[in-house]
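The following pair of complexes shares a single chain, chain A, combined with chain B in the former and chain C in the latter.
Showing the complex of A and B:
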């Protein structure tokens, strides 16, 4: 295998890994503050991407055609929209079930995901067909000895990684981040210390969902296509990545995202006769990792109270 | 669930409330299955809601329950008779019989999932995968004429069980969300594998041979009293027998010490382990036996619809099965029957809703989770002495 091809696989893996990590970060944040899995995350992502697409249509109609301006407006609009949706889901659907068994929350959000997916398919104009997502990034590329480094990929990966870094800063260096970590560690103590619990939970859900919308737009720009079902697989992968890395841990989610992307790429590269099996391979390895490390690669530091 | 014990009346009830319920449900089922127009179906649904409301206000529910639990064997026999009566009343119509049989098969599947979700408290989001494993087994083995089809059905269950053996190790080591991801990953893996595997027909799927018993070809409509019946009548009768058999087995399992172990493991794993219950063994038993039942149901389903494709065994279908268990009530076998009927029949009967099916069910399940988390027919408190009330 020549170097160019390896570089191509590598670039692809980094791209996918960044995207998966962005989704997984949401799962791990939600689990941190509320100990719940919000499975509708992938579909909220899809909703955010469709919102971005709708805004783009509106911008086109309004005559604003500068791609950079469009991109910024789309990103802000879809992230804000998705953040609001995420906070609303937390307030009206997840928090009321706080005392119920965790399975109920998982099921509720699974069903919510289905509902969102179906609603977009049925009620978005022509929603059951894939939509061509506009190419807003420059299409230039550099030839590096048989390997085309595309400018849009570089920009996407750089933006994604800096978003993750920014999130890390927010969590570790700001008062809000301190509050989120405090609630994640011990909700009752955090409350008695005067932390506004509801506000922190809603803020966490808003942040996680907004980050997912970014991943969705990234996905749309990379594949130049969006459809109503894109959230399901992305959500599944993000969930698997968060679990493989270890729930409740930001680095675990990032690690898990890149591991999953790596598995897919390795699967595609090693099984050239059957690259269609790459997802089978990746999910099989996920099951194997779960058997080996039942609480993820970076386990939560908690102990069961009996 | 403790409030049910207080509600239990002191003296045994007669047969009347239970028998009346069976009669009413049979007539209602027949009416719903034969209703053709949307307004008839909607009328019947409004009627059901009204009867449910009046029954609740008049306190009929506990009476029926008491009557049922005092004469359980008779009542279950009566339910089978009612089902047979409906089947014979529909015996010349293809579509209603197909609907009814599909409901029965989903009911069987919900019984299998119930062992996992309801009794043991394990999650399984790959129900459709094990169902599909049974169906694909039937498709592959159907190609060999010398294998008796009855054995094929068993083989469907065995293959589903063997596949679940692959998951046993990760399943017993993980709990909660981590176990959920194992089954979800397996469900996606299974469907993707079927789609890309050329030998198993790829995305186009496979043809399945129909069911044959010695001297009884299920593809020919039987002729009774000079009238040719629908060939689905064969499947409906066979599915009824299978439902009766598996229902009895699951009820026995629930009542046995194994069922007690399962309940203990669900309620508190640590405490169960302290009392000497092997948590791993109980979970393995629940996982394997539940998937065995799913595989059997899948095999018969494949034979009945005679054509299967990976698109019928997706993650959404697994979710549909989970929502049957949840809608009916965790650990409540009869709830599974009611929910299977709602989930299968409603979208087929209301053609208006066909398109909105998944949306409707997801919203319905969300409402149940938020406002009635025990399901439509919640599980009753364990009755140690059949025929007596509330464990007295």
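Showing the complex of A and C:
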């Protein structure tokens, strides 16, 4: 196998890994502060992407055609919208069930996800058909001996990685981050120390959902297409990535995302059997990892939960 | 095509006569109502084709109802199979269990048709396929209820393989979806291509809702084939073509009838689509024997979406079904028997003759190329005249 080819596989893997990591981060954040699994995460992501797409249609209609300006507006609108949705879900659906068994929350968010997905399919104009997402990034590329390096892919990966880095900074270097970590570690004590518990929970859900919207837009830009079912597999992969990495740990989520992408690429590229089974392979390995390390590769230590 | 639907002048006269009769107080005989069914993908990725087929079938019913010579009044029930076998089985059962439904025109998606033919057989419901191309739908059973007006992927791939080999291409990489549809295309194309001296250098099965193809395409890029043969439907085709570009894969993109849809261009735009090849049974509507008539009526009916590739077949199938009802009455058993005798039956797609499996023996296949955001018949294209070149052609 020549170098260009390896580089190409690597680039594919990094791209997918960044997207998965962005989704996994949400799962891990929610679990960190509330010990809940929010299964509607993937569908909230899809909703955010459709919101961004709608804003784009509006911008086109309003005659704002500069792609960079469009991109910034779409990103802000979609992330803000999704953050608000995430906070609302936390306030009205997840927090009221705090005293109920965790299974109830799981089931509730699972149903919510289906409701969101079907709502977009039925009520968004022509929602059951895939939509062509606009190419807003420059499509210039250089051919490096069999490996085509594209400007848009580089920008997407760089933006995704910086967002993760930024999130890390927020969690570890700001007062909000300190509060989130405090709540994650010990809710009672955090409350006693004067931390606004409700605000912290809502902020966490807003941040996690906003990051997911970013992943959704990134997905749309990369594949030039969005559809109502896009959140389903992304959500499942993101969740698996979070579990593999160690639920409740930010670095674990990132690691898990890249591991899953790596497995998919290896499954499709190196294994002798048909590439149709690459997801089967990836999920099978995930099962094996879970059997080997039930708490994830980087287990959550109560002291540094998120 | 029977009766006066072709001749609007005569129709107008007859309408006038009927109207006069009504005016004189002579009661026009109330016609019995016959229920017919249509099944196709009305939502989902391939809904453009399904809606075009539904509109065409509706048009056939409307024209027949306007024809005073027809013995019955027809009512069409159009149901959505979403191109999903499980949904298809539900709607098929719904129609089949309704004894009022005399016959149906059904299915564009082969995987769905494969799941429903048993139901039609069990309920004795005559079903004429208007778009699905998997051979096994008619050849895999000996159900007299199942007939098909369009050709199969056997004919399609035979022509496709020869056409491409004649252009001088030597090597192919295949991406097919793992449904019956994609696998069938893969099987027949491979068979005919090898007979024509072509070589398949790689064969990749993908799930029909897969999003990312970069891993498969990266491998294909290394194999460096002349042509990427894609066997699947439009949404997947759009993704594959788009990601080919992202990876800088310059091979010819050859599709199957499943991507011959105007929504292919909506999905990727005219630039990326340019030079894509596809093959389709029959000929473009305007070149069919009754095509001009069909397109004129379709236009007149004011549908808000195109008839698409298989509209004329849905129209022809619906007319055939109504001809059967006119001849033998709205009785399922008699219609099935009638279908077994169809030979050189006049239709807008050319004469229909069913073989012992109920398969129309039409073998006319037309190659198309994407040119300036439209599917152009190869023979009429600037590629055939040499003004434009496909990748790898000198």
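As a convention for this text, the second predicted complex is superposed on the first by the 299 of 306 C-alpha atoms of A that agree within 3 Å, B and C clash if a C-alpha of one lies under 4 Å from a C-alpha of the other, contacts with A are read in each partner's own complex, and residues count from 1 in each chain.
Operating definition for what follows: contacts are C-beta pairs under 8 Å (C-beta built on N, C-alpha and C of every residue); 3 or more make two chains touch, one makes a residue touch a chain.
All of these numbers come straight from a predicted model, not from anything done at the bench.
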Q: Determine, under the contact definition given at the top, whether A:9 touches first (chain B), second (chain C), both, or neither.
A: second
Q: Look at A:143 in the shared chain and tell me whether it touches chain B only, chain C only, both, or neither; answer first, second, both or neither.
A: second
Q) Just chain B (first), just chain C (second), both, or neither: which does A:73 touch? A) neither
Q. Looking at chain A, does chain C or chain B touch more of its residues?
A. B
(Q) By the touch definition at the top of the document, which applies to A:223: first (chain B), second (chain C), both, or neither? (A) second
Q: Name the contact category of A:88: first (chain B only), second (chain C only), both, or neither.
A: neither
Q) After superposition on the shared chain, which partner residues are touched by A:269: those of chain B (first), chain C (second), both, or neither? A) second
Q) Of the two partner chains, chain B (first) and chain C (second), which one does A:178 touch, if any: first, second, both, or neither? A) neither
Q.
If I apply the document's touch criterion, which positions on chain A are contacted by chain B in one structure and by chain C in the other?
A. 233, 274, 276, 279
(Q) Please output the residues of chain B touching chain A within their complex, sorted ascending. (A) 117, 121, 123, 167, 169-170, 173-178, 180-182, 184-186, 188-189, 192-193, 195-196, 270-271, 315-316, 319, 322-323, 326, 355-356, 358-359, 361-363, 365-366, 369-370, 373
Q: In the complex, go through chain A and note every residue touching chain B.
A: 31, 37, 93, 96-97, 100, 102-104, 106-108, 110-112, 114-115, 117-119, 122, 232-233, 236, 239-240, 243, 247, 274, 276-277, 279-280, 283-284, 286-288, 290-291, 294-296, 304, 306
Q | chain C - residues contacting chain A, complex | A | 43-45, 47-48, 178, 203-207, 209, 211-212, 214-216, 218-219, 221-222, 235, 238-239, 242-243, 246-248, 263, 266-269
**Q.** Footprint of chain C on chain A - complex, ascending
**A.** 1-2, 5, 8-9, 12, 15-16, 121, 128-130, 132, 141, 143, 146, 148, 150, 153, 223-225, 227, 229-230, 233, 264-265, 267-269, 274-276, 278-279
